[in-house]
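Pasting the structures here.
Consider the two complexes below, in which chain A is the common component and chain B and chain C are the respective partners.
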Partner chain A sequence: MNKKDISEVELRVFITAVTEYFQALAGEPAQVRSAYLGADLSVPQSYDYTGLITISGNYRGCVYFSCRQVLLRRLLVCMGENDHSESNLLDAVGEVANTISGNARKHFGAALEISVPVTIHGPTESIRAAVRARPFVITIDWLGQAAIVMIDLERLV
Partner chain B sequence: MKSTEPPKTSSWMGKYRSIIFAIGLFIIFDLAVLVATFFMSQQIADDTAALNLAGRQRMLSQRIAKTIYVAETEQVSSQLSAGTLKELKNASAQFDTTQRGFSVGGAATDTAGQDLKLKPLGGATQQDLLKQIATLWVPYIALVDPLTGPIAPTAETIRKAADYSRTNSNKILDLANQLTAQFEADVKEKTNLLRIAQVVGILLALANIAYIILALIRKLRESDDLIEQRHREYTHIMATVREGLFLLNKDGTIGSQMSASFPAVLGQPAAPGMDFLSILKRLVPEKDHEAATEYIALLFGDRVKESLVASLNPLSQLELRSTEGADDMVSRFISLQFSRVKTGKEITHLLVTAQDISERVRLTQAVKDAELRAQEEIKGLLDLLELEPAVSKRFLVDTEQSLDAINEALRGAGQTRDYPSTISEIFRRVHKLKGEATVHNLTLFETLAHRFETILSELRDRPNLNGDDLLVIPPHLEDIYSRTAKLRSLAERMSSKDAHIVQSAASGHEFGYMLESLAEKVSANQKKKVRVLTDVPDFGSLPEAKATMLRDIAIQLVRNAVVHGIEDANERVMSSKTETGSIHVTLKRLDANKFEFAVRDDGRGVIPEHIRESLVKSGRYSRAEADAFDERALVMKLFEPGISTSATIDNDAGRGVGLDVVAEKVKAMGAKIRLGTRPNLFTQFNIIFAAAA
Partner chain C sequence: MRIVLAGKLPGAQIVGLARDGAQAVMMFKAHQPDAVTMDLTMPNMDGIRCIEEIMAINSDVPILVISALADKATAIAALRKGARGFLNKPFTEKQLVAALKEVISDE
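== the complex of A and B ==
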């Protein structure tokens, strides 16, 4: 495999962040359901909340987490938050992206520059980073709710 | 590295030159004062003796006069005694000897009666006084001598001497007094001079000592400042240098000074005094630890040259074992270099330099990988260019379609969650891809598929396969995707012919040739002798979909025949067969729409016991279950994924996928398959299918 390609170990850095975050929050880890190559960066329309981080430095590209509103509501409940307003939902999805960012920083160190999470409600068509022809898509499941982690990243060194 | 030498003597002398000069001066001063004191004391002693003698001359002049007057008186009374004359003789002789001694030097006796040697007096005043005394003494002694001779003196002789004495005795006394005073003045002057010399000498010596002390204090302060400055610089260096630096003691402990970064480079706690090899033991495998121990011992010994053993350093590139579990995902490499430190000729320490070379190793590995990848791609490209453009394009298109199908299977796994089936499906597709690659002699794809199969094989054997396990697949899939796309692009650019993708399957002739090539390659790998005879004239008339599937089936069956059916030459000869095995591939038209495809080999046949062993080996069936299957059931098991009768895994067999693919294709074709076999005689697969559905 080309050394500049993203390896399984690197994919795990992002995925573990998400699964462990849910585990810590609800005592129930998120399960990986499948991992495949996506045709582009768009996600199913029904995944309407997205938290995205862009990465530069030794890596380039973006990573995002998308899910349905119902998952975020359950997440807020687990956090003891009863206010499920739009801003709180966006904060919740942003927090997941933030966790991915923190785990990535911990593993890849200072060589990785990570943006603050951008949160989006609605389709992700506006995301145009696309450094890979086929980004990595990992679908996960938490308490019966599906979510997706998209990794469109390439290693520069 | 050069050994550390002590400061050279010359520089050491230079550093303390002024102090050494001052100490030398001090010694010279002291010696000078000593010599001057000795010399002047001697002179003063001589002068004191002379002073005493001068004083005695004064007394003797009076005694001579008195004795002469006594003799005159005794002469008048005719009672001249010999004692008086003797006293006169002694006094005059003593005076005369001393007078001569003072004038020209010579023996004399001191006031205590001891003999002494007189030197002529040096001073002009003294000589002048002596001359004046001599002027008076010479006539005087001439008059006295007859009085002390053997003949008794006459009254006249005594009177003349007495008259001269009365006239000159006091003059001589006066002159002797002057001489005495002169000696006293000399002694006093020399005593003063000696005192001054001693005072000056002592003052100079004191000044010298003061200078030495001040100079020493200054030098000490300079040295202290220098030491302080060096210590400060050294501390800064040790605190900021990125490399781990320390001196390794002979007993294996870390020296008292160590750079602050060493523990960070090592990723382990380390401190002065700790045992270096114990720290190392936690980081490296036992074998490397032993090698490092021996190497360090070798460096501490003086039998080998440092430069000669440098290349033997087992720690020049060390992959650190992670101590933080799976979390620490990036391997770290460090380099430990050792240099001898000598004091004189003795090796006292080893200077250890520890460097984090992870980035360097990664870059080197990346360059190697890139080179390997480029070589593989060039080879892949050349292999592709050797094919007919249409064939190579079809292969690449087929490959991309297979990859798409694999990706779809992965995507679908999220829904079905039947991960074992997903892996089996992917396995079949990858195996088919490998078969195609082998047929076309495309080593790159064969290798990529084989690597992929290795990963899939591990997954298939996992007891509780879940979605998380699939994470290993997309990176490999992407690798084959990107290489395929790249080669396709390159091949298209390099191909001068305006090739087009063959829409229909190959002709019967091409199909036969392809199978013969496949058998030739696989038999070469297996070191067997095989001949393939094909009779497939109607292959070209099959619809594309059926032709493609039949081709996939044929590839697997011919490969199986070579690997599993045909024995090696020795075994065949032992079984009274020809060395070269035969495989017959035939395609017969049974009616307008029906065909029968057959692959028959004259090998060892399917041996039920071998299948039983494979079933047990696969872990899916217990020994009891395997034993319970009848022969027909056993044969059917061959079509299950993961069952292989091959003892080893190589590019050609062993993964238990071949017949799995056949079964899947047969099903897709809506065909029927029949297996006929006789131990040690033949194995034949017959597939009956309709050309049109």
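== the complex of A and C ==
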């Protein structure tokens, strides 16, 4: 089966989804610090909390969003949620990953099938297992807090 | 979302919060709510199937789908199954309240 990595234009779909997510939720868009093709990442870059979506259908790969706890707490405050329990923090990071991936279907269509988010606190083997050697990496800053979106996506032609 | 709904829809009461589609159907049977908000990407039973199940129990109940899935085909599929409205994530508080009021007023 032939496979093809996503294009720069398609990568921008995810960048837009990330910035618009924070804009809609908090009135403050995330600032993109960099977007690049990742190096050979035997241990993919991540922060304390990660929401991982696996992709299937006419595409294969994964998308994950990872950030520190303080960013999630600020997100929950923006949602009017004062319960910052572990469960809600994990829900929040999964929700960001879900929204970024789901919004990308505006461009890719329903053939981009997305999974329920897997949420992780701390480093885990499941990220390493899910991500290929050279994914796209988008680093962002929101209200002074860094976060990362990793996109590992190929089209099955 | 539950906080927004409780604060912005006076008289509204959240009678149940389900973590997946199968639980949503069980809770629907138990509580018989006046309206339902639902995601589509859920474990155990996805939202489209869940709409079907709820419609089979009570086809009059207004369902507002709230989903990140931004393609038109998905929205149309949900509406064809019986959902009354479709709101894309991310959304503002104002959009959520307006969408829910609209699906309820269609009753």
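In the analysis below, the second predicted complex is superposed on the first by the 140 of 157 C-alpha atoms of A that agree within 3 Å, B and C clash if a C-alpha of one lies under 4 Å from a C-alpha of the other, contacts with A are read in each partner's own complex, and residues count from 1 in each chain.
What we mean here is this: a residue touches a chain if its C-beta (ideal position, glycine included) is under 8 Å from a C-beta of that chain, and two chains touch if they have at least 3 such contacts.
Everything quoted here is computed from the prediction, not taken from an experiment.
When both complexes are superposed on chain A, chain B and chain C fit side by side without a clash.
When the two structures are aligned on the shared chain, A:Ile138 is found in touch with chain B, with no touch to chain C.
In the superposed model, A:Val116 lies in contact with chain C only, and not with chain B.
Applying the stated contact rule after C-alpha superposition, one finds that A:Val70 touches neither chain B nor chain C.
Contacts of A:Arg105 after superposition: chain C is touched, whereas chain B is not reached. Chain A has more of its residues touched by B than by the other of chain B and chain C. After superposing the two complexes on chain A, the angle subtended at the C-alpha centre of chain A by the centres of chain B and chain C comes to 70 degrees, rounded to the nearest 10. When the two complexes are laid on top of each other via chain A, the two nearest Cα atoms from chain B and chain C are 11 angstrom apart.
When the two complexes are laid over each other on chain A, chain A has residues 108 in contact with both chain B and chain C. Those residues of chain A lying in contact with chain B across their complex are 1-13, 15, 31-37, 107-108, 132-134, 136-140, 146, 157. The touching residues of chain B, counted against chain A in their complex, run 327, 329-330, 362-363, 365-366, 369-370, 373, 407, 410-414, 417, 466-468, 470-479, 481-482, 485. Residues of chain A that touch chain C in their complex: 20-21, 24-25, 79-81, 95, 98-106, 108-110, 114-116. Here chain C touches chain A in the complex through residues 1, 3-4, 7, 41-43, 67-71, 73-74, 88-93, going by the rule given at the top.
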